[in-house]
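Scroll down for the structure; my scribbles are underneath it.
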Amino acid sequence: MTMHAKAKHQLQGEIREISCRDEYCRMTIAAPAICHVAAAGQFVMVKPAADKSNDPLFRRPFSLHQVVDGLLTIIFKIVGRGTRNLAKMQAGEVLDVVGPLGKGFQLSSEPRHYLVGGGMGIAPLHLLAESINRQNPQSEIIALLGARTARELDAFADLQDLRFLRVELATDDGTAGHHGLVIDLLERAVAAGGRGAVYSCGPWPMMKAVALYCRAKQLPCQVSLETVMACGVGACLGCAVSGADVAGDGYLHVCKDGPVFEAGKIWL
Amino acid sequence: MVVNKPDLTVAIGDWQLANPIMTASGTFGYGAEFADFVNLNRLGAIVVKGVSVKPRIGNPPPRIVETACGMLNAIGLENPGIDKFLTEKMPQLQNFTCGVVVNILGDSLEEYCTLAERLKETAIAAIEVNISCPNVKKGGVAFGTDARMVYEVTRCVRERSNKPIIMKLSPNVTDIAAMAAAAEEGGASAVSLINTLLGMAIDIRTRRPKLANKVGGLSGPAIKPIALRMVWQVAQRVKVPVIGIGGISTVEDVVEFLLAGATAIQIGTANLINPGVAEELVDGLENYLLENKIAAVKELINGLLA
Amino acid sequence: MVVNKPDLTVAIGDWQLANPIMTASGTFGYGAEFADFVNLNRLGAIVVKGVSVKPRIGNPPPRIVETACGMLNAIGLENPGIDKFLTEKMPQLQNFTCGVVVNILGDSLEEYCTLAERLKETAIAAIEVNISCPNVKKGGVAFGTDARMVYEVTRCVRERSNKPIIMKLSPNVTDIAAMAAAAEEGGASAVSLINTLLGMAIDIRTRRPKLANKVGGLSGPAIKPIALRMVWQVAQRVKVPVIGIGGISTVEDVVEFLLAGATAIQIGTANLINPGVAEELVDGLENYLLENKIAAVKELINGLLA
Amino acid sequence: MTMHAKAKHQLQGEIREISCRDEYCRMTIAAPAICHVAAAGQFVMVKPAADKSNDPLFRRPFSLHQVVDGLLTIIFKIVGRGTRNLAKMQAGEVLDVVGPLGKGFQLSSEPRHYLVGGGMGIAPLHLLAESINRQNPQSEIIALLGARTARELDAFADLQDLRFLRVELATDDGTAGHHGLVIDLLERAVAAGGRGAVYSCGPWPMMKAVALYCRAKQLPCQVSLETVMACGVGACLGCAVSGADVAGDGYLHVCKDGPVFEAGKIWL
């Protein structure tokens, strides 16, 4: 083994807890080596360890939702075969986990932080909120969470319970909070509360709206992107996205240069 | 009782490899990406991502698609170009004690020759020549699909280089053994095969190809039977060593390719799925030899019974 | 509200098919094997196992191997020969109201011509010509790998027959579109593709090929991306209808092939895994059209956006 | 639908019971349509209904062990990926079942029947014994069962309990019954009990020994063969075995002409 301290690990993590409600699952995995070096906004790539099938082939990427005492938690939605297979796993079974991967959020030194999440993009905001609070317990942290419907927000009940956080909700169908878009919440919150650092994770149209708003208001803004990934470690170059200046910079790679980018660095 | 460690070494011409396990170009970055998962020095060799004369930004996304037991990629040979490669990537590659193979690609015969020339002063173990690229001067037909062009590229690279030359063959041909023979005639030290098979996938919702480039290269376990057949055919045709590539992810796969006539093998897509696989297969191959009381891996090469 | 049933019909020349779902030769026996699982009359057409002039006992076992998302087969074209086919199989085939396509194969040009001649008096919908077979007179090179031979076989069969002629192309070539063009020039009514890709598997315990025939044809979901790419390439090159084959097992697969330019498709290996699949896909395709408010399946054909 | 009575069915069968001990599993599936037409020696081909993976691709064939009140039971050994996946299934889950397939045992009119089974080849003998007994309750039925070790025989405890059956055991390791081969039992039993019809299912070397013995003694003998199968319905011609006169007959197909053959019809 090379003697440098490892920034990434591949390990066999036992599932300690798994629970699914509707199509939303929460899974807690024993992964001390990964937890030890993990930062908010990073992700892991997982595959059931006992799975000798090559179909589906790829590992699946998930954001770090929580990291406590060597246990890491992910929250995922069942959308296809990979997530369906994961949802069928049980406590005691073993997951092959690679991580932590990518570059996470830069914690801003601003006194005020707007965490803007949509749908499953809310997942990384829990660890982000805790990290900001740990760095500076005086920070004002406002989470603005949007989803299609209240059920989806329920998957993130623990985030809404964090005491150092102010939470506002928006749903497309009006079943919780503001009946409308999360960008509306951001505009109102900034208007009422003042400038701050913006962190955003969610569907592309949402993040684009957030980024354009921040550009207009000159607020520092980070967005967390998703692309299909094969390796997650910067080797295959499959996860390209256009940089802000396509001609000059060529492409950025979500798994290595991101998933979190300064909004100004990418093509909106 | 003394248990002798089996002999894993293989040779490609004068080049001695500690073992037959190499990593395939484009699936292992420049090695460093896997340093946390694999002790690189335990590998037979690593082959770096293809390098061209000028930098290439590659194809627009989406670039990859998962398929049944495989994947399509249309990376578009993104790479920093030979200048940056030599100044930024080469120094760290020289820290590895395992062999480093540089994979090169060009749009014209001259580009291949230039790249061979530029790599002369480096301490690399070998050059691997990717001839699946379209020849812009010949209407975009891939170099690797025409025996005459295979011969010419090989000869030119051979003449301009002092390194072992591995010609990497395209499977998208009627007779891959003829391409291997052309490479041998041109002076190749070895041939490696297969590169990816041209494939396509369509998003029925948008009615557009899933890859921005429309078509891409198919790799992974799905293609293993095709790769194995081609390796077997080529090994019967040429005398130079054959390096087997295509869907390898287990020790059984490695042994199959060796039996079919491969002197060494490369692991491609499997690195992306399981970043520790390359070293696992070195260990696994050693155990396989031990368990089956085979003293040297060389005994497996071409060991297929009739 | 009146929900109109979508129009599933497609045409191959003058031949009208109730829908574009056919079964592929060698994977559906003579239809009767599936009568308990599928209402045969609901299918667009069934293609029977390849028939030759003389009976063939086929290759020794083992003949099939499971591979990653696919299978290898080396059946060796076992069939009762044209005489027995006409007397024993034809009568029961005539009970089906769906189109019946007879797949023919030969070792020489003459054999193909003879078979076309022998099928003249039958009530079949079309002849499909399997040209993946080796030409014994030309040193065993498959007919389907040489454009000249493709042209000659097509012309001869065309001249001797009064039925639509479907030329079934081999994917083991550098340029399948050139083969399709040769078939079109020879007078083919349609081309169907792909046949299987040549592959191999080795039993590392016995050190022998897993197939007695050493190599076999790869089919199943693994090859779908290759088949789809080839169908797309061919559809851009020729004007005759293209029938897409290769790894199709879901409605999404069917739609992908239609968008890529196929007028109809054939289901092969999937029949072996799920004997009811052919009829399921007829229903599934109808539902797909309904759900997406597409009035006629013809609207999907060649519907790929740039 | 064609109007003929169906001889074969494809159905979604609920698993009613599954239990595994060591690598031996017993699974009972609700499959009335199949049970209705099933005969001893026939088999089913199965795949988990919810399994959308193409790897492994093929269905897996298993002999009918028992058929009672619309429930069919199979007994299988975990040997590879397919059987491992089946072993993981739970009661209430659904299996996609095709069957009954192939030609089963011809029930002989002899008064005495020797059922010679080895390893998992014992599975079809339960239904066979019941069928012989039902046809003629006066029949003398002797089951001669061989296995590597006693544990393997335990998987067939229910067969050993059938009251109309005389059972003798042999194991390679001597952990149960005769320490040796099952062919020894057959020779002894015939020598002691007299002529009878012989039915055999098990590893090829065992069946070959049985068939050669029967040929020498001119006893009627049926053997049940196994080959890799893709379709199981006679369509792919993948399951070929050499007929007794290779040159003349060409190949037989295990899924259609068998799995049970008169020993004289196949190449020994």
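Chains here go by letter, A, B, C and D, matching the order in which they are written, and residues are numbered from 1 within each.
One rule holds for everything that comes next: a contact is a pair of C-beta atoms (placed from the backbone, for glycine too) under 8 Å apart; a residue touches a chain by one contact, two chains touch by 3 or more.
Keep in mind that this is a model prediction, so the values were computed, not measured.
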Which of C-D and A-C has more C-beta contact pairs: C-D
Between chain C and chain A, distance of the C-alpha-averaged centres to the nearest whole Å: 47
Distance between the centres, which are taken as Cα means, of chain D and chain C, whole angstrom: 35
Separation of mean Cα positions, chain C and chain B [Å, integer]: 34
Interchain centroid distance [CA atoms averaged], chain A/chain D, Å: 53
Interface hub residues of chain A, defined as touching at least two other chains: 54-56
Sequence positions of chain B contacting 2 or more other chains: 67-70, 220-222
Chain contact topology (line, ring, star, complete or other): complete
Contacting residues of chain A [partner chain C, same complex]: 54-55
For the chain C and chain A complex, residues of the former touching the latter: 68-69, 221
Complex interface listing, chain D residues touching chain A: 52-56, 81
Complex interface listing, chain D residues touching chain C: 1-2, 4, 6-10, 47, 54-59, 96, 98, 227-231, 233-242, 250-251
Touching residues (chain side chain C, partner chain B) in the complex: 67-70, 72, 145, 172-174, 197-202, 204, 206-209, 215, 218, 220-226, 228-229, 232, 247, 252, 255-256, 259-260, 303-306
